[in-house]
Structures are given as C-alpha cells and as structure tokens.
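Only one structure is covered here, and it is reproduced in the block below.
Note that the chains are named A, B, C and D in the order they appear, and that numbering of residues resets to 1 at the start of each chain.
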Amino acid sequence: MNYFETEIRVRYAETDKMGVVHNANYFAWFDIARVEFFRTLSHSYRELDDGGIYFPVVESYCRYLQPARFDDIICLRLQIKKLSYAKFTFGYEVRRKDDGALLATGWSVHGFIDASGKPGSIKKWRPELWEDLQKAFAAHSNNG
Amino acid sequence: MNYFETEIRVRYAETDKMGVVHNANYFAWFDIARVEFFRTLSHSYRELDDGGIYFPVVESYCRYLQPARFDDIICLRLQIKKLSYAKFTFGYEVRRKDDGALLATGWSVHGFIDASGKPGSIKKWRPELWEDLQKAFAAHSNNG
Amino acid sequence: MNYFETEIRVRYAETDKMGVVHNANYFAWFDIARVEFFRTLSHSYRELDDGGIYFPVVESYCRYLQPARFDDIICLRLQIKKLSYAKFTFGYEVRRKDDGALLATGWSVHGFIDASGKPGSIKKWRPELWEDLQKAFAAHSNNG
Amino acid sequence: MNYFETEIRVRYAETDKMGVVHNANYFAWFDIARVEFFRTLSHSYRELDDGGIYFPVVESYCRYLQPARFDDIICLRLQIKKLSYAKFTFGYEVRRKDDGALLATGWSVHGFIDASGKPGSIKKWRPELWEDLQKAFAAHSNNG
C-alpha cells in the first residue's frame, strides 16, 4: 500500500439538488485526508496549528469522474507528490468503498507559514516532521 | 416598517438532495441578517469583531414552514426582541421575495464577550452602540 | 444506556474566525445523529429516502454551552422525545469525547412526507419501522 | 470590459479558524458567478435546471493568492475560455472590491447532461442559448 487512506461517510448536508455531493465539498474532504495523514506523523495538524504553523492551500484541483451519493462510505487516499522545505503537493483519490469505484482525483499545493503569515522552512521549524514527511514521500513515490 | 430587512439569493450549494435548502443554512442566513443590521448602526459587525467584541450564539431556533428553493430571492427580516447590557434576542422572518410567502421564522439569543471569552456589558464597552440598539429595540417593539 | 450515540471529528471547514465550530454546523451534526440512529433500525435513512419517504425538519433548536474546536472528537447522543404516526421529536446532546463535557443540547421536530410532499403515517407506510421507533422511544423514555 | 462580473459579500460562516475564507468556498463562489452569468443569457440556470439540463463540473481548479476576509465585498469575474457543443471551460477571477486586489484565479470544465445523466449537445437542446454562449465567448476572447 503506497498511500495513506482514511474513510468518511457522505452527509445529507453535502448533497445538492442534483442529488449528489456538491463539487465544493471534495475540497473539504481533501482537508480531512491531510489532517488524518498528519495524525500518523510526529506532529498532528492540530498541534501544528496550535503552535502557529499553517499549511495554507496555494492551489487546488479536482477531477470529478462519478458522483458521490448520500450515505456512501468514501475512501480518501493521499500521497505526497512533491516535497521541499517550503512547499509540498498532495495527490488525492476519492473512492466509493462499496465497489472501489474511483469517483474523483485531485491535488493541492501548500506552503508553510507562521502565525504572522511569513513563509518558512518546515525542516527548520519541525525537524522531526520533516523526517516523517520525507519518509512518507519516499514510500509513496517508490511504487505510486 | 418595524423590522430591518436584507436580501440574499439562494445558492446551488445551499440545496440538498430533497431539492430544497438544507435546514442548517437558515442559521447562516440569520448570521447575515445580524451582520447587515449592525452595518446600519454606529459600529459594524466587522469593526466589533476586529476590536475583540463578539456576540456568540447562546441559543438558536428555526421553524420551517415552506421550503426555500435554488435561486429564490429571500428577504431576511430581523427584530430585536429582548435587550439588556449583557444579552439580546433577535427574531427573524425568512420570506420569498417573489410572493412574500413566509418560509421560516426563528430567533437567537446572544451574549457579549471579549477576545478572552469573558462576558461583559455592551453599554460599557460601546456606549454609542448601546444607544443604537436601544433605539432599534424601541422602534421594533412599538408596533411589532 | 438510554440514548443512541455516534461519533464524529470536527473538520477544519466547520470552524469559523472565532476559532470554534460555527453555530449552523450543529444542525448538520443533528442530521448525522439521525442517519446513524436509523441505521440501527429496520430501514436506513438512505433506504427510506430512496423509497420516497422523507422526514423534513419542522422545527430545530440548539443551546450552545461550550465551543467545539477543530479536531475534537464529538459524541452525538440522540433520544426520541415524542412519537406519533405523523410526527416525532428528537433530543440531542453534543459532548466532547475527551472529557465528556456537554457542549450543546438541542431538539428537532420532524414530519413524515412522501415524494410529492404529502404528509402521511409512518405506521401505515413502514409498519416495521414504526415498531422499531416505538421500542426506541420506550427504551429512551424509561430512564432518560 | 471583456468579462462578466457579479458581487458577493463574505459571510461569517465562510471563514475558518485561520481567520480567512476556507479554501472550499471559492468553488461555491464559482457556482454563483455561473448562475449570475446565465441570468444575462436567454435561459437562466434555474430554468435550465428545472428543464432537466445540467452542467456538472468535470474539473475545477483554484489558485489562492491572497486571503479573502469576513465582510469583504468580492468581485467574481467570469469568462468563457473554451466552448463546444458538448463542453465548456469558464475562467474566474476573485477580486477584493475595496482595492481591486486579485485574491484568486480559477477555472472549471463542464459538460451538458440531461436528467438521466446522458451527455448531449447544448446546440441541439437550446439553440438560442448556444448562440448566446458563442457571442459571450467571442466577446470575452477578443481582448481577454
């Protein structure tokens, strides 16, 4: 397994009048994948956030293949696609758990900033986390 | 006219698979009514917020009469129902502009707190605003 | 245990600039509690929804006691407070899992309607579900 | 002016704990720009939607340059970037009205489908709308 995976269930409030999940919600799901991924590393998203380290989204993209529907269990898969001291790119897959169907793919680019909004180096700020991210990047890119 | 009124248009993202506006969104609409109401007073919501004065919702209620639909123009009406130094209650009406139909009614109770979360007196913190709120309360309760 | 309980985790997108969960999101959480509760009965929410049986919210209320924060695990507790063929009332508790703190309480009233919007009797439409709801109501009201 | 423009105001519920608009909301704003753009054509979005013609999002992208903040008035600009019978691409600019600052850019690709989900030709389904879209495309691409 060369990706990180977490599951959610589609909420009623996430659907729209087309009867399927509204396009904007996939980006909130990408958030969730990131948060759960960081929980497996030395510093959780919350701990970083509370410590004044943020990963604002610089770019985000989604390709919608098949609609997600109310009550579907959704597998969110995440990979680190690019990694540097100052910036990283996550790749995402959104799958329906039931049959494994690929519903969407996407990616997002993030910088590292402190509470004052100044960009910085994650290697300098959190060396352990930098090690963890490098390992995850290596693991994901070997055969992904 | 014994109420404050502002208009919004129903967004696609606010609908759900029942084809109508999802119940939670009415509470975000009540927010909008409050923000636009404060804009007519001596201190805008943003100015207060930036100055560290918040009005957290203590209680909120909505009664749904008829569904709001995508692209409807919605009239949000607001009245001050109760007012004291430390707390106030807003009443709301949600109407479809097209035919004036009453879609929902509601109310919310708010306290005043500072940035540290401590409750306080709006009369002491912003005397001018207190005057404005009293006037609005009087105007709304005379014949409302 | 005289209530039904399910868990969620607070999403980044659910917070607002006050740093805590926005008040409207609690009503989307009440949705989740209902959906998970019905999953334990003879007919799931999705199955009913697909079969053209809806439970539109007629009234909803929330009392906010303490803020929920990003990444908190939240226990959503549900009880049936009132039950008839045509209408029911759910009660909710929102607790922080970590320390059991009560963050919010609420309730919502629902009718039963078919796809054409006509109200009806759940006893007539889904007798088994009616049995299940009665049992849950009895269990919850015995010592709740 | 070689683009269509509409305005919105940032809602409290659209912010997150970083104090700025959450990244997913920009995609709901792109929706709004599309809906308001179609209102200037021979068929509104609602009319098409009610008539069983949908424009599901196939791909969407956003680049975030500067944060949008609570209560900002936002100018949403839209251009048709590509147009065919079966598919079109919109380009977006998100600007702060106050000083014209460019906050984000983006684009989205859409197909045309009917209520059964089958793709089709907008030229065949709504010839007038096809004319309007062509005109808008020509106007926007002349000097944009």
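Note that contacts are C-beta pairs under 8 Å (C-beta built on N, C-alpha and C of every residue); 3 or more make two chains touch, one makes a residue touch a chain.
All values derive from a computational prediction rather than experimental measurement.
*Asks:* From the centre of subunit B, which chain's CA centre is farthest?
*Replies:* Checked the centroid distances; the maximum from subunit B is A.
*Asks:* State the pair with the higher C-beta contact count; candidates are B-D and A-D.
*Replies:* When A-D is set beside B-D, the one with more contacts is A-D.
*Asks:* Could you please state the distance in Å, as a whole number, between where the Cα atoms of subunit C are centred and where those of subunit D are centred?
*Replies:* Chain centroid spacing, subunit C to subunit D, equals 35 Å.
*Asks:* Calculate how many whole Å lie between the centre of subunit B and the centre of subunit D, each centre taken as the average of the chain's C-alpha atoms.
*Replies:* Chain centres of subunit B and subunit D, defined by C-alpha means, are spaced 29 Å apart.
*Asks:* When the C-alpha atoms of subunit A and subunit D are each averaged to a single point, how far apart are the two points in Å?
*Replies:* About 25 Å separates the centre of subunit A from that of subunit D.
*Asks:* Could you list which residues of subunit D touch at least two other chains?
*Replies:* If we look for residues of subunit D contacting two or more partner chains, we find 12-13, 17, 22, 24, 28, 31, 49, 70.
*Asks:* What residues of subunit D sit close enough to touch subunit A in their complex?
*Replies:* Against subunit A, subunit D makes touches at 17-18, 22-28, 31, 49, 54, 56-64, 67.
*Asks:* Tell me, which parts of subunit D touch subunit B in their complex?
*Replies:* On the subunit D side, the touching residues are 11-13, 28, 31-32, 35, 44-46, 49, 70-71.
*Asks:* Show me the residue ranges of subunit C that touch subunit D in the complex, using the header's touch definition.
*Replies:* 12-13, 15-17, 19-20, 22, 24, 70
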